[in-house]
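This is the structure I want to talk about, given as C-alpha cells.
Chains: A, B, C and D, in written order; residue numbering restarts at 1 for each.
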Amino acid sequence: MSTQVMPLRDVIARHVQDGMTVALEGFTHLIPFAAGHEIIRQRRRDLTLVRMTPDLIYDQMIGMGCAKALTFSWGGNPGVGSLHRLRDAIEHAWPHALAIDEHSHAGMAVRYSAGASGLPFGVLRGYTGTDLPAANPARISQVTCPFTGEVLTALPAITPDVTVLHAQAADREGNVLLRGIVGASREAAMAARTLVVTVERIVDSIDAPMNAFVIPGWQVAAIAEVPGGAYPSYALGHYARDNAFYLAWDEIARSRDTFLAWMERHVLGTADHAGFLRSVGATE
Amino acid sequence: MSADYTPDEMMTIAASRRLKNGAVCFVGIGLPSAACNLARLTHAPDLVLIYESGTVGTRPNVLPLSIGDGELAETARSVIPLPEIFTHYLQRGRVDVGFLGAAQVDRFGNLNSTVIGEYAHPAVRLPGSGGAPEIASQAREVFVVMKQSARTFVPKLDFTTSAGRPSAIITDLGVLEPEVTTREMVLVALYEGVAVEQVRAACGWPLRVAAALATIAPPTADELLVLRDLHARTTRAHAARVRITLPNQGVT
Amino acid sequence: MSTQVMPLRDVIARHVQDGMTVALEGFTHLIPFAAGHEIIRQRRRDLTLVRMTPDLIYDQMIGMGCAKALTFSWGGNPGVGSLHRLRDAIEHAWPHALAIDEHSHAGMAVRYSAGASGLPFGVLRGYTGTDLPAANPARISQVTCPFTGEVLTALPAITPDVTVLHAQAADREGNVLLRGIVGASREAAMAARTLVVTVERIVDSIDAPMNAFVIPGWQVAAIAEVPGGAYPSYALGHYARDNAFYLAWDEIARSRDTFLAWMERHVLGTADHAGFLRSVGATE
Amino acid sequence: MSADYTPDEMMTIAASRRLKNGAVCFVGIGLPSAACNLARLTHAPDLVLIYESGTVGTRPNVLPLSIGDGELAETARSVIPLPEIFTHYLQRGRVDVGFLGAAQVDRFGNLNSTVIGEYAHPAVRLPGSGGAPEIASQAREVFVVMKQSARTFVPKLDFTTSAGRPSAIITDLGVLEPEVTTREMVLVALYEGVAVEQVRAACGWPLRVAAALATIAPPTADELLVLRDLHARTTRAHAARVRITLPNQGVT
C-alpha cells in the first residue's frame, strides 16, 4: 500500500501498459504534460484516453499514435481554436482511426463521480433535446426516478486503469497536496484502479491547511518529482500557464510534418522533462 | 456604424448591458467572459461570476485565456471541484444567466458546436459540448452571443449540441429575441448604423423582424474605456514569458 | 440575493415557520445549538426535523414538542448512550407522536447529495439484507443500472425548507468559512431552499485558504453572530466539545420532570444564547 | 481470569491484534477506537484510521468521545466531507477492515442496533444504523466486538440492521469465527482462564465449538501499558472544563 517514489520513466514503465484506459486529468491547471510526454517516449499504443478537455497533451499523444479511443467532453485548444491532431484523427483517421465516446462536461463529471463512488452508473438531468444520445447510444441511457417518475439521463461510471495527476507537492509518506483549480481531479483519482502522481516538489511536510485537497499516500501507487511537470499548463504558486505556447501550438500542430518534426525534436529527442523544458526554451 | 468602436466591442457591450446587478452568471471563455467582467466593472459590481473550472464569485483583473487560468482561482470567493459546479450550482438551479456561443444556430436558438457534416464522418470536427447542453437547459436565462453570417445562422443544424430557447441572441449587428407564440427568434433591435437588409443577408433563414424594432444605444465613453482597459491589461498579462526554474538544472 | 446580518431571534422568526422541514446539520462539530434553542423559545410546532445524528439538540426540540417527524440515521448520545427524549417520543408518544424516516449514514449522505444536486433521487449499494427497506418502504426503493443490470438502492432527495449551520466566521458580504469536520453540512446547505447560518465571529475578512470550505454570501439568506453558538458541541479553533455536558445530559433527560425543569430554567428562562451560556455556567 | 487485567482490556487487546500494519480501518467509537489506536501505538504504526465524520489517516493522541471530536480533525492527514467517506472510500472498496458492535447478534453475525421489540412499537428504541449496514457489506473484512450474554447473543434478531458475515466476533470471553461451510459462528478461541461452558452459558443459541480450540495469549506488559496510558490520557482530556468567552459579556 505504501507509495513508491521513483523517476517518472519508471512510473510510466511500471504502471501504464498498452491497451489500458488512462486518464491524465487536471482542468486547464495541473495538466500532467511530463507524464504524457513520457508515455509518448515509451511508445505506448492502443490506449483509451480519458480527459474532459483533451488539451494539447492528448493532441500530442493522439498525433503520435498512442490512442485507439478517446473519452471527452470538449476537444479544443482553450481560448485558441482547434486541436488539429485530434481533428486529423477523427476527420481522416491519421495516424489511425480514433473511436470517440463523447459527453458534456456535466456528463463527464457524473461519470467520474460514479466511478469514484464505486457505482456502475451516474444520473443527471442533461442531454435533453440534443443529438448526443443518438450519437453515443451505448453509453447514454435513461433511468426513471422510482419516487417521482421523472426520466433522467444515466451514464456509465468511468474507472480508469490508471489516473495520472500533477500536483504542487508530496511529502515522503506520499501524501499529495493540490491547490487551486482541481477540475475533476479528485473524482478521477478516486475512480482509478491505480493512481500515480507527478509533483513539483517532494517536501518534508506538505503543511496542508485544514480541509485542503490532500490525497492520502496509501492511495498513491507511485510518485515522481518533476519540476515544471505541468508546463505549458501551470502549477499555481510555481509558474503561470504559458498562453504564448498554446497560441504557438496552433501553427505547429496544423500540419502533420511540422507536428512530427516538433515532437521528434522536443519530446522523442529529449531524455526527460527537464530536457524537454530546455529544448523548448522554457527554463530560466 | 461609427468608426469609434468595432462591431465586436458593440456586441460585447450589448451583452454586458443585459446583466442585472447581483445575477449569478455561468461564464464561458471569450466574449461572454469579456461581457460579464465589463458588466461587473461598470453597472453590475455585485455580479457573481462562476467559471466551470470550479471558481465561484471570481473577480479577475485580466480576462482568462483558458477557463481555468490561475487569475480565476486567486480572485475567487471559493474554488471547488468541477463536478459541484454542474451539480450543486447549475443543476440545482442556482445559475441565473448562462452564455453560449456556437458554430451554428437555428431559428429556434438550438446550437451546434460538435460537427460540420455527418457525426460519424465529419467535414469539420468542432470542439464539442463542454458545458453547453446543461447550461442551455438549466440556467434560468440563456444568452447566445455569435457573429452573424448566413453560414452560421442556418436553417438546419448539422448536429444539435444544445437545445435552444435563449432569451436573446446578441450578434455583431443587433439582437434577436424569441416571439412569444412561435418561439422563433426574430430581429428586435439593431445597432446604430446597421440596416435591416444587412441583418437579413447575414442570416441563413428568412429572418423576421419585430413590429417594434429598437435601436441599441452606442457604447458610452465609460463602457469603451473600461472594456479597452480590460483588453489591454489582458494582452499585457498574456504576453508575459513563462520560465521554469529547475533545481540545479539537474535531471529529473 | 444579499445576506442579511441580524440577531438570531430575527433569523428564526423570519425563516423558520411551523410545519417546515428543517435541517440543523453539523456532524458532532459545529452543531447549531443556539439556533435550536431559539426555535424552542419561539415555540415552533409540527417541524419535520432532519439530521444524520439528532444529538442533544433534537432531543431537546423533540422533548419540547417542536417536531412532528424526524429523518435521521443514528439517534444516540455520542459516546454516552440513549437520547431519552427521542426514545420517549418513539416509545411512548411523549409529548406527542413522532413519525420517523430512518436511514443509514450512507443513505442520508446520498439523500442530501441528491438534494444538493437538484436530482429527485440518489443511488447507493446499501441496505442489502437489512430490515430497513421493509420498515420504510415509501422512502427506500430500487433502480436497475441500465448498463450492468445491477439492482441498487434508490432514496429520495432531501431538500429542507431551511438548513441551519453554525460556522467559525463570516465576513460582511456574508461569505461563510467552515473549518474542521464538516459532516454533510455542505450537502445540507446546497440542498436547502433557504440557508441561514450562525457564526462565532463576523470579521472583515475570513482569510480562507485556497480550496477551503466557503459558502458564498449570495447563497446565505441570513447570518447571526452568536459566540459559543455550537456549545456544548464545539467550534474548532474556538472551544472544545463539552464532553462533561454530554455525560450530564444523560441524567437530565432521563425523566420528563428533570428535563422540563432544565429546559424551563436554561432555555425558556433565558433571553438568548449568551443568557443560556451564563445560566449553565459555560462562560468564563 | 487473572486479576491483572479486565475482560474489557483483554477484548480490546484481542481485537487490536487482528489488525495488520498498513490496513485501512473504518473505526467506530468506543472499543473499536481503542483497539485501533492501541494497534497503531504498538504493532501496526502505519494503520490508516478513517472515522465516518470525515477524518482520514487520523492519529489521535487521546480517544474521542464522539466520532467527530476536534482531536480527530487536528491529527488527520485529510478532513473531507462525510459523504465522500461513504462513497469514495467505503463503497469504492478502499476499506480493509470495519468494526461493528450491536445490541443483538445472531449465529450468522447479523446485527441489530435498531429496536428491541417491534419496529413500529418498540420496547426499547436503540440509536439505529449509523454507518453499520454499509460497513458490514462493503468493508473487505468485518470484526464484531461485543460483550457476550444470552440476552445479546440471540437466536433471532428483533430487527436486522446489518447483514452479517463478520470474519470474527471478539467478545469478553473469546473469539467466534464462521465455519467455512455453514457460515455459522463457532467458538474458535478462549481467553486464558475462561471455560467453554462459561461461553456457552453466555450465548442464546446452542454455541458450537471448533475442533481445534485455541487459547489467546494474555495481554503483554507493553499492550497493557499502552492501553492504560491511552485511557488515562483520554480521561484527563475529557475532564477538561469548557468555557466560552463572550465578547464584553454582551447580549448577542
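Basically, contacts are C-beta pairs under 8 Å (C-beta built on N, C-alpha and C of every residue); 3 or more make two chains touch, one makes a residue touch a chain.
Since the model is a prediction, treat every value here as computed from it, not as a measurement.
Q: Does A-B or A-D have more contacting C-beta pairs?
A: Result: the pair with more contacts is A-B.
Q: Rounded to a whole Å, what is the gap between the Cα centroids of subunit A and subunit B?
A: Each chain reduced to its C-alpha mean, subunit A and subunit B end up 26 Å apart.
Q: Could you put a whole-Å number on the gap between the CA centroids of subunit A and subunit D?
A: Centre separation, subunit A to subunit D: 41 Å.
Q: Which integer distance in Å separates the CA centroid of subunit B from that of subunit D?
A: One centre to the other, that is 56 Å.
Q: At which residue positions does subunit C touch at least two other chains?
A: In subunit C, residues 118-119, 124-125, 180, 182, 210-212, 236 touch at least two other chains, as defined above.
Q: Of all residues in subunit D, which are in touch with two or more distinct other chains?
A: 73, 79, 87, 91, 138 - these are the residues of subunit D that touch more than one other chain.
Q: Got a list of which chains touch which?
A: Result of the pairwise touch check is A-B, A-C, A-D, B-C, C-D.
Q: Which stretch or stretches of subunit B touch subunit C in the complex?
A: 22, 24, 46, 48, 56-57, 73, 77-80, 84, 87-88, 91-94
Q: In the complex, go through subunit A and note every residue touching subunit B.
A: On the subunit A side, the touching residues are 7-8, 27-29, 34, 52, 72-76, 78-80, 82-83, 86-87, 90-91, 102-107, 109-110, 112-113, 124-132, 135, 180-187, 224-228, 231-232, 234, 236, 239-246, 271-275, 277, 282-284.
Q: Hey, which residues of subunit B end up touching subunit A in the complex?
A: 29-30, 52-55, 64-70, 72-74, 79, 81-83, 86-87, 90-91, 110, 114, 119, 122-134, 137-138, 159-163, 238-247, 249-252
Q: Taking the complex as given, what residues does subunit C use to touch subunit B?
A: That would be residues 1-2, 116-119, 175, 190-191, 208, 210-212, 214-219 of subunit C.
Q: Any idea which subunit A residues touch subunit C in the complex?
A: Listed in rising order, the residues are 118-121, 123-125, 139, 141-148, 150, 152, 154, 156, 178-180, 182, 209-213, 236.
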